[in-house]
């Protein structure tokens, strides 16, 4: 039977790396033998394991080694990665290496090269001495693609070590439950935002329409003004409902009519979209004075990097909404990594959306901490399954959560909406 | 075919009384003929209808008339109610009148008598010139019970009339959705509480363990101190988790251990219950200094009317918890109507519980406004199905909601926890 | 104050048309006076109302009349519709008429013309004597667009009249609850499918990935073979998981690995997509023998009309997946109305998807009956809010539901998977 | 600092015992040193660890050792358990040992004694050479109670070892998801039921009202007749809805009236309860011919062990319903362990109930396999948190699931309802 020796190091017991790796072997019908195991006797000591893995044929062994590598178990035998030229556009060569979102290196000509822009379920292209992930659709014939097998090294994520940090972490992220002390959770997220902000890093918000419907629009505007929103990713609905509520500034009556905007638009919704389309862009509509407050207004005025992605259920859509999904993914990656690809966002906050949240999770490296906030447990659970140790799932009311966040992070005067704006804002009225 | 003429009056078109009544007839296989219909031409004009209803036999007609009466359609022919002596303890005579939670009168010796303590699915007993609802289990042989048929008059609930009040009402209660402006909802509930408080009426809280787990304990204590909690109904878990968190004052570590108390208790939970049992009652335990803060402490100290009802899944239970369900229902009714039966509560707030919420809804007259707050849509929907026009269902985070309520209703100094208490309180720490 | 007289006819009491219309007036700050009301005295008699509506200004009156028209209340005064030339591409002239999904006519030169392809939230274009709805994005400058106001007539939907049909309808659709007799619901849907099938009409399925994950793939294939699937609309995930499970025919082990395919792909998922992309299309991949069973295989082989729409979270996507959302909507409308626009589908079944279900609901005329099946109450509720009286929401297990449907509709021999196919099918194995 | 040495043996790596134990130490602020670690090199080899644990004071060390023992880590130093006489009725001495649901032994006079009736969160009483768990409320002064500390040995649960069994287990239980192949899950539960049945062991069903409402009543009756239901635990609602549907045999119309019985009763519901109360018991009512089919009828006629527990929201309740919660718990334990305490049930199936499911989970030893079926993910998740490796959570439609179970387990003739019964059964009608 074919076999291979793998190694695993770090805090492999209490970060569950060793048991997870052994499970993969058994689950895939392989067998293992632990050749060496050096367990750190104290909590902060690292451990080390060498394990021989056998499978009934080469294909199965390859699959097994790939699975183990997702947990950070690398081949002991060091060799160069195999590079194969792509034979068609838009697809990898059969047998390509499918990436994880963990830190990855590949070995070319005897030296280890860091893979740039780690993202899961991509391939890795090697070009002019550099390696980076590449989406299937972006492959061009002739590119040199890394094949599954030797010469790939992945660094596992480990749990925080120190008692205190560990406890806070465990508390916040391990159990996703609606029954947690919410004031504490607000503080944790606010603390992280402040830290990222002070470090000069960017914060990416991924938002669903609940942000508008729950009345959190003015609070999110305060956070934009306060410098806590550099990237923004959402769908047509968020922009349409936001703009609509500011265009029809005296429309409290209309909102009260049914409580919330219907799933599919009503009069004002459709008419608002139509008017913006008539102007051709958000900027043109703002310059024409169509609206002068709200999330879209603040994103434009504060120079945030935003992308609104279309979906098949959209009305309109609004002119700045990108209808082509491949293009949306490209724009999203650009926001995540920065225009020059060197300015990775420092924090990602997903509020009230599953579709856009999963899309973002797919593109995000495991090193970026993620907070996912929704009133629906299923949404949070699904989003948190990507397994980053740095993710935090919070089941709570999106409206009240953002409100408390704005109160924790921005001074009274930033939260206060300008006079001109106030005159047009239904939401601010309902709160005074 | 047997037939009967019924009458219906009030705002029978826009409160949907007429269409609902006609639906009942068709749904039960009857037929109708509208004999007279006098529709108010303007919005504030009342309408009046006389309708002849036919069914294939007397039993079916009786059922039909009963169903129609639930909507406020009364028999035109006026006669005395039939009274029958109960033949056994604990059950009504066959053919008894099963009550609604609407205002009801019965006719005895030619005059209409108001039924006291309106409650749904009870019987009505007539004794010494007075009529009141009575639970099945409380029937004693010999009591004079009202039979279904003539001599019963029910007053339907109608929607608010005035445009503004109507809009607010429609907005808040008609659609139960997690996507509503939450700040507005907080204000509406706070406003109603203030109004009831100022009118000298009592407020009943019905609470689930989420109140403790989401960190809302201190906020609820502030509301007790502020005079916004006169009645309290919950289960063993609420009291146990509340007391436990204050008995083990330095127990931040323990809470952090798993994030939240497990479904079934852990060490501290069981030990806390055991200690209170050793003292025999909440009061004795408080006097012995076992705990000096928290919901239970404040309820006892502020003389609130409370009942903790046991359930089959309870640990312990705590000594003040009532294990017999019939006794719990009796105590709950006493809280709702006041010790002397003449001091009906003015508002009922159900937070984070389905079991106790439904139990309360079953006992409550339709005239008492009810707010039902839960993070789970199914719970709110189920609770709101009792159909009172004055109910409001709010899907939101229980912890943040109560926190905002306390901030809206109580001054800073009331919310501030006393020094002595603070030393023991994990929750207050986590918020400073 | 400006006013207008509207008329309303049909079963306006028990279909709630009259109360709904009066509510709209009050909710929008208008006032009304009922000029004439002729109520049918018996259940099957139609009624008729003339109502004068006033609002404080013309704009408000216009809004009010538009809202009332959604319920089927038309202006009494008959005049031609106003037609305005579109001044820009991709947007309507300000003041355009925004359509409902009810039967609609417009009046041009004194005669009423049926609007083709009724769809909500579109505009209506008049060209060469015919009128049809048009999506905002499809507008070209110069088109003659119907403006809001006179000359538009909408026919309201009414509840079924006869007692029996009414009862069945009420039972199935009025309360959406997971606690309904499920065998009965299966029968109702199967009965409707049989009826539509025998009438020679097409059935459109809109499906989410749960169809594959719950093991309903083979049952859906049986329904395709049996002639119960003519249209199919889904996302990339459905096709990818379906093909993957048949490409890796011996892959029971892989499935057992985690129970279900992870949200974002694992090895086989990504590799399957890559291989299909290498072949360029489903047909080419089938011809190359990559897979020979499954939903996609049967759709292709049985000539069903399908469209797979991309989304921003997709892996790949597969080559036949349409990435541009505007194009997906166009294709979907083509499936709904038939290639020549004259063959409207007879039934629409939405299983396990919210995104694609809402997209379909947006395009569907109210006259097409819709069944919406999901294990999640929120999904069903959201989809049913479009308010067609012919819709049925069913909260149940998608896998078991489709299985029972296949058993009810297709004979044993159609359900039996072919020998060749069986050898490759994991799912069939797990069921023998 | 005080310290103690503990030992842990078995498959401590891949059953996560070692990492879980080390986590407990860190989470509670202790430190550890691994003195010996002997890891089995192959999958089937057992491992062994000796770990020195330190904490800052004795109390903290005691807590730590208690927590570790929940995972099967026992003190190395062997000593007799400390026994203390209970000083009051209804509560343990302070410092008592709080039990787990794992196999437990205590050491008295140098020999290890098996603790009978393992149940979590109880105490252990030692009497006449035998040890058994005892609920807090059942303690009588003078009983000899085991104290936390030395002389207690717990055996951890381990995952199944063999590859195949392991895979099946992993597949079925590890991920609770609504998106699993449902036919496979039906087969797994049916297989387990058959196995338990053939081994002569009893099966306990714990059911919520959804069993009746989803139309699964007749299928459950078939399972009772087929010998697959020996114990039954439910609330008042299940019995009331079941009996009502059979008492009013021609009541299809009534059911159709609203789709399903309202949360709180309607006419028939209340009248059915009243009639049964008039007869005094289920048996008396059956003998009087009030109903002759349904779940309650079959339970009585087939001599199943049942208990119906009251709750605070009940109508009536029915005469056999036990209103005192302490008594319900006693009866439930009797069903679980058998009349003589020596006939532990072999399988427990919880369908459509959270309250009664948790109550049962609290009383059940970890060795009894449990299947928990509900359409609501939150219910299943909460019930499965008790962490038995033998539990299976299934998110599916209760009605269709029980139907498929009955088809898999009982022959056609057993499923066929008797002529007499059929005449009265609405549900059977709706299925022909």
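Per-chain numbering from 1; labels A, B, C and D assigned in written order.
One rule holds in what follows: a residue touches a chain if its C-beta (ideal position, glycine included) is under 8 Å from a C-beta of that chain, and two chains touch if they have at least 3 such contacts.
On a predicted model such as this, the values are computed, not experimentally measured, just so you know.
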| item | value |
| --- | --- |
| Those chains which touch chain D and also touch chain C | A, B |
| Relative to chain D, chain with the most remote C-alpha centre | C |
| Geometric centre distance via CA averages, chain C-chain B, whole Å | 40 |
| Euclidean distance of C-alpha centroids - chain B vs chain D, Å | 32 |
| Sites on chain D at which at least two other chains make contact | 27, 29, 167, 170, 253, 256-257, 376, 378 |
| Pairwise touch network: line, ring, star, complete, or other | complete |
| Contact footprint of chain B on chain D as seen in their complex | 27-29, 63, 66-67, 88, 90-92, 94, 96, 98, 120-121, 136-137, 253, 256-257, 262-265, 267, 270-271, 273-275, 277-278, 309-317, 323-326, 328-329, 332, 355-356, 358-359, 361-362, 376, 378, 382, 385-386 |
| For the chain A and chain B complex, residues of the former touching the latter | 167-168, 170-172, 174-175, 177-184, 187, 209-210, 213-215, 253, 255-260, 375-376, 395-397, 399-401, 403-404, 427, 430-431 |
| Complex contacts: residues of chain B adjacent to chain C | 13-14, 16, 18-19, 22-23, 25-27, 29, 31-35, 37, 39-43, 163, 166-167, 170, 377-378 |
